[in-house]
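Order of writing sets the labels: A, B, C and D. Residues in every chain begin at 1.
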Amino acid sequence: MTFTAFLGALDAEIRERADWGDVASYIPELARIDPAQFGIAVALADGTMLTAGDAEQRFSIQSISKVFALACVLGRIGEQIWTRVGREPSGARFDSILLLEREHGRPRNPFINAGAIVTTDEMLAGRTPKDALSEIVGFLRTAAEDDDIHIDKAVAKSEAETGFRNVALANYLMSFGNLRNPPEMTLGTYFHQCAIEMTCVQLARAGRMIASLPDAPRILSAQKIRRLNALMMLCGHYDGSGDFAFRVGLPGKSGVGGGLLMIAPGVASVAIWSPGLNVYGNSKMGTYAAERLVQEMGWSVFG
Amino acid sequence: MTFTAFLGALDAEIRERADWGDVASYIPELARIDPAQFGIAVALADGTMLTAGDAEQRFSIQSISKVFALACVLGRIGEQIWTRVGREPSGARFDSILLLEREHGRPRNPFINAGAIVTTDEMLAGRTPKDALSEIVGFLRTAAEDDDIHIDKAVAKSEAETGFRNVALANYLMSFGNLRNPPEMTLGTYFHQCAIEMTCVQLARAGRMIASLPDAPRILSAQKIRRLNALMMLCGHYDGSGDFAFRVGLPGKSGVGGGLLMIAPGVASVAIWSPGLNVYGNSKMGTYAAERLVQEMGWSVFG
Amino acid sequence: MTFTAFLGALDAEIRERADWGDVASYIPELARIDPAQFGIAVALADGTMLTAGDAEQRFSIQSISKVFALACVLGRIGEQIWTRVGREPSGARFDSILLLEREHGRPRNPFINAGAIVTTDEMLAGRTPKDALSEIVGFLRTAAEDDDIHIDKAVAKSEAETGFRNVALANYLMSFGNLRNPPEMTLGTYFHQCAIEMTCVQLARAGRMIASLPDAPRILSAQKIRRLNALMMLCGHYDGSGDFAFRVGLPGKSGVGGGLLMIAPGVASVAIWSPGLNVYGNSKMGTYAAERLVQEMGWSVFG
Amino acid sequence: MTFTAFLGALDAEIRERADWGDVASYIPELARIDPAQFGIAVALADGTMLTAGDAEQRFSIQSISKVFALACVLGRIGEQIWTRVGREPSGARFDSILLLEREHGRPRNPFINAGAIVTTDEMLAGRTPKDALSEIVGFLRTAAEDDDIHIDKAVAKSEAETGFRNVALANYLMSFGNLRNPPEMTLGTYFHQCAIEMTCVQLARAGRMIASLPDAPRILSAQKIRRLNALMMLCGHYDGSGDFAFRVGLPGKSGVGGGLLMIAPGVASVAIWSPGLNVYGNSKMGTYAAERLVQEMGWSVFG
């Protein structure tokens, strides 16, 4: 079976299933989306792009934006960010505030919400929210070599109106002196960053630089790329990261909008989207498809 | 510079340093060891073994035994073990009891002490402590193709006399019904398993099967080996696992005796020993040497 | 020595001391106050009022307002409030958010900040912030039989600008559905309630109803008064409540402005003020004076 | 209605009820007891003893022994014990090990299991388990003026065989250096202390000294007695202490055997027994009877 045939069969198999999971309910704008959708795009080292399903459908990348925001910050200020945020798995839910109290306002890693808010706050150093958002959208456009990437303002507004737990996290960080801008400014920027819309094809293209594919734009050093991948492997799926590594074996980052970016270093950049979520808040069919794909192709970094 | 020359230079460089870290103090028999020692052995896919420093010196493998005990259990009972222990990073110290209370006696993963005690308990199902220990020592001898691997009973006795926190963990597990044997029987077995002595050369040879090197004995399926590696990557260095992945980028498992087993899947099995520890309880010079070696060779799984 | 002479001697002794503690620093408006001040007022069952020191000096009652806000709510809606907040000591700091995550947004008791925010939110049911504040100020005026009790708007504003941790708590409560009004509305009301200014004499008079003194206005049932006292005894001094009960033996409630209301049921209502704080955030000299007074008079409820 | 008639009516009312709660299941010897039993004894200041129900039935006093062990230790070594154990409510279950990890082996108070094990360990300073047990049994006999008080060795043995969580606590304390004797020695003594058997009449008589009744033997200073009462009020019912203070309003201490000692300072010493427990592990009918009795007599310390 060719790769394309495999993707088509996978898409067909998933569409037969009834257990898509539920969409995230805490962002009203996302709660309306039909969970029974599925798309996949695979960018290969030879420059080809294979797709199946709704691979050209735009979706809200949400937490996947954390990877690219961190990439921006690493590119600009470098390793200094680690004075404000750690790089260990948290062993807790993505929106947990508990460890933040115990560890005096220093988030465990940049991929849980508290850590991502710190990253966005760092992006705001010396610039306006508009400029910071231009930077990250520009970064994605450069990485994807596609200018048709935008922020869905209705989603940003929806999250701003109901994201009470993120407001709590930002103010808690501020109380420990680990925000440099007013909480509402950092949060406003953060909600817009999460509301970036992309298709699977665009996301797979943007991921090529993290996979170090030959045709990807050179933006970050090889060392920084390795480190991004390490963070995705250890912390990319919140308290389901161990399970993902165990079952799939590649670095990845999920978003509550149902997106999943997965990197096979040197081999492929994969974007999957299916909005129904599992108990960890990761895409249910996305995780399944990732497991099937990696098994089929033997792409696990673990042999 | 040849690989051998690199290892020699690394050994020479480390011997010049003064910051070896401190040896573990809570096991009296280990507290007496001179921290200023260093050895390294690298088993390559072509069957060669390169060494430097004290690579033939025996040391107490301690927690590295957890990897092989888990391998035994996976080989015998398979995935059933996951009903008793999780596979997520704990975000806490190796001997933490805190999460155990909150998660009702189910340890987060098999590489923190609580989880390893459950693994040993599983090994005891239907056999005596002597038989269980024969099984794991036998497993190591088979994997290393070397029969000169033994338990240091003085170390086992020393730990049994002072390992109060492990006694607490075992009894706590028992109170939740997650031990099947009397705590003192499981613990006695566990302390002996941790007291296995090996040299870097022996350990690198035993690790070949986890690296899927061509000359390694075939013991576990490819899938089980990938999963062992995933667990080592995410949980192999306790609450320093994220840092190790970030800086080194290979699956590894440390022991409080200063040993470190590191796997480059398909490429190499590396054993390093230096008894001085860093703040996480991992070998300080061992971690440094691992980082240097992987950088030099470009072995990171993250590209 | 007469009671008046004792209070005078206590005042004189304290004024000789150099260890007043530090004023609260997180509310800028309070951080400017000189810690070396002390006042005490004791309302007795026979209707007399004894004073010493700065007993007529106004100060910010801060968390002492939580007792009267709860009294209002108990008077109006009764025991229903306990569906939203518990009545157990928290074993944690006054502004801890940790237990709130673990216990799904239900604060342990109405005297830690999270619980007090819920009480204020309950006061807002069906009325404006202005009306709710009129109710609590009116309650205090009635209880003290003194209309000269007001809110210090500069303090309320100061806390609103820097009370990030309280903003976090309110939004966290909201995320669990345990606020009924917008977080900024409830918090605005809460900050104003905490900024009520009173003198020791006014506060001791207001406390008479909680001490069930004969000349106090009858506002609450005897059972509700007993329950208020029980809550003050168990939770009135945050994670220093056990120490206060152990050393003093009376129900009390402290405020971060340095105030302390203490109740000897049937015997006396005592208000003390000294703005320097101890490690728990309670008035240092206030706690000392309370201990000395109760010892001298034999007022401990514990015999 | 006379006091005696009230107690009789209360006994009759309770015997009609069907919701006795369940007996403790984790100590096999206690798990066999019929929950549908009830006895009460009230020692009054005038020297009379009123009883109802099974007031002469022996039961295992369990955690109530912690009060008398602490009284022994306070009498002998005094306030020094507070270097090893705190006096704040824990906000957690009686057998929680969680706070012990976070607070480095110093239990929150002497009435949770960890703290009581430290108290017993202190009693063992310089003496054998047999001598320490003689001291506490002797203390109870003196306090009750009754020599017919003994240890039920079958219960002690039963708990020793199944008390895994207490074994965990003791070893955990030891790992922090907060036990001075081997864990098994301190625990053996602790299990025997908890297995003391008394009747309600004996327990009410023993409690007279804590209530400072005129006919009680003088053993402790007035200050120490006040402090014992304060600790019982704040920590006597584990994470149900706030609820007990709120509903009943007197210092008390419960035991998992269904016993309850309650003190009305200067007025009465009350012992109640009913082996069915509520969710906190306190006697269900015992708590109910305490609430009814205190309401009827107006004995709350809170007015």
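Here is the rule we go by: a residue touches a chain if its C-beta (ideal position, glycine included) is under 8 Å from a C-beta of that chain, and two chains touch if they have at least 3 such contacts.
None of these values were measured; they are calculated from a predicted model.
Enquirer: Going chain by chain, each one touching the next, work out the least steps from subunit B to subunit D.
Expert: 1
Enquirer: Counting only C-alpha atoms to place each centre, which chain is farthest from subunit A?
Expert: Result for max centroid distance from subunit A is chain D.
Enquirer: Measuring from the mean C-alpha position of subunit A to the mean C-alpha position of subunit B, what distance in angstrom results?
Expert: 32
Enquirer: CA centre of subunit B versus CA centre of subunit C: separation in Å?
Expert: 55
Enquirer: Take the average of all CA coordinates in subunit A, do the same for subunit C, and state the distance between these two points in whole angstrom.
Expert: 46
Enquirer: Following the definition at the start, I'd like every touching pair of chains, please.
Expert: Between chains, contact exists in these pairs: A-B, A-C, B-D, C-D.
Enquirer: Would you mind writing out the residues of subunit D in touch with subunit B in their complex?
Expert: The contact residues of subunit D facing subunit B are 96-98, 101-102, 164-165, 167-172, 174-175, 183.
Enquirer: Write out the stretch or stretches of subunit D touching subunit C in their complex.
Expert: Answer in residue numbers: 86-92, 99, 108-109, 211-212, 222, 225-227, 229-231, 233-235, 239-243, 245-246, 249, 251, 265-266, 300-303.
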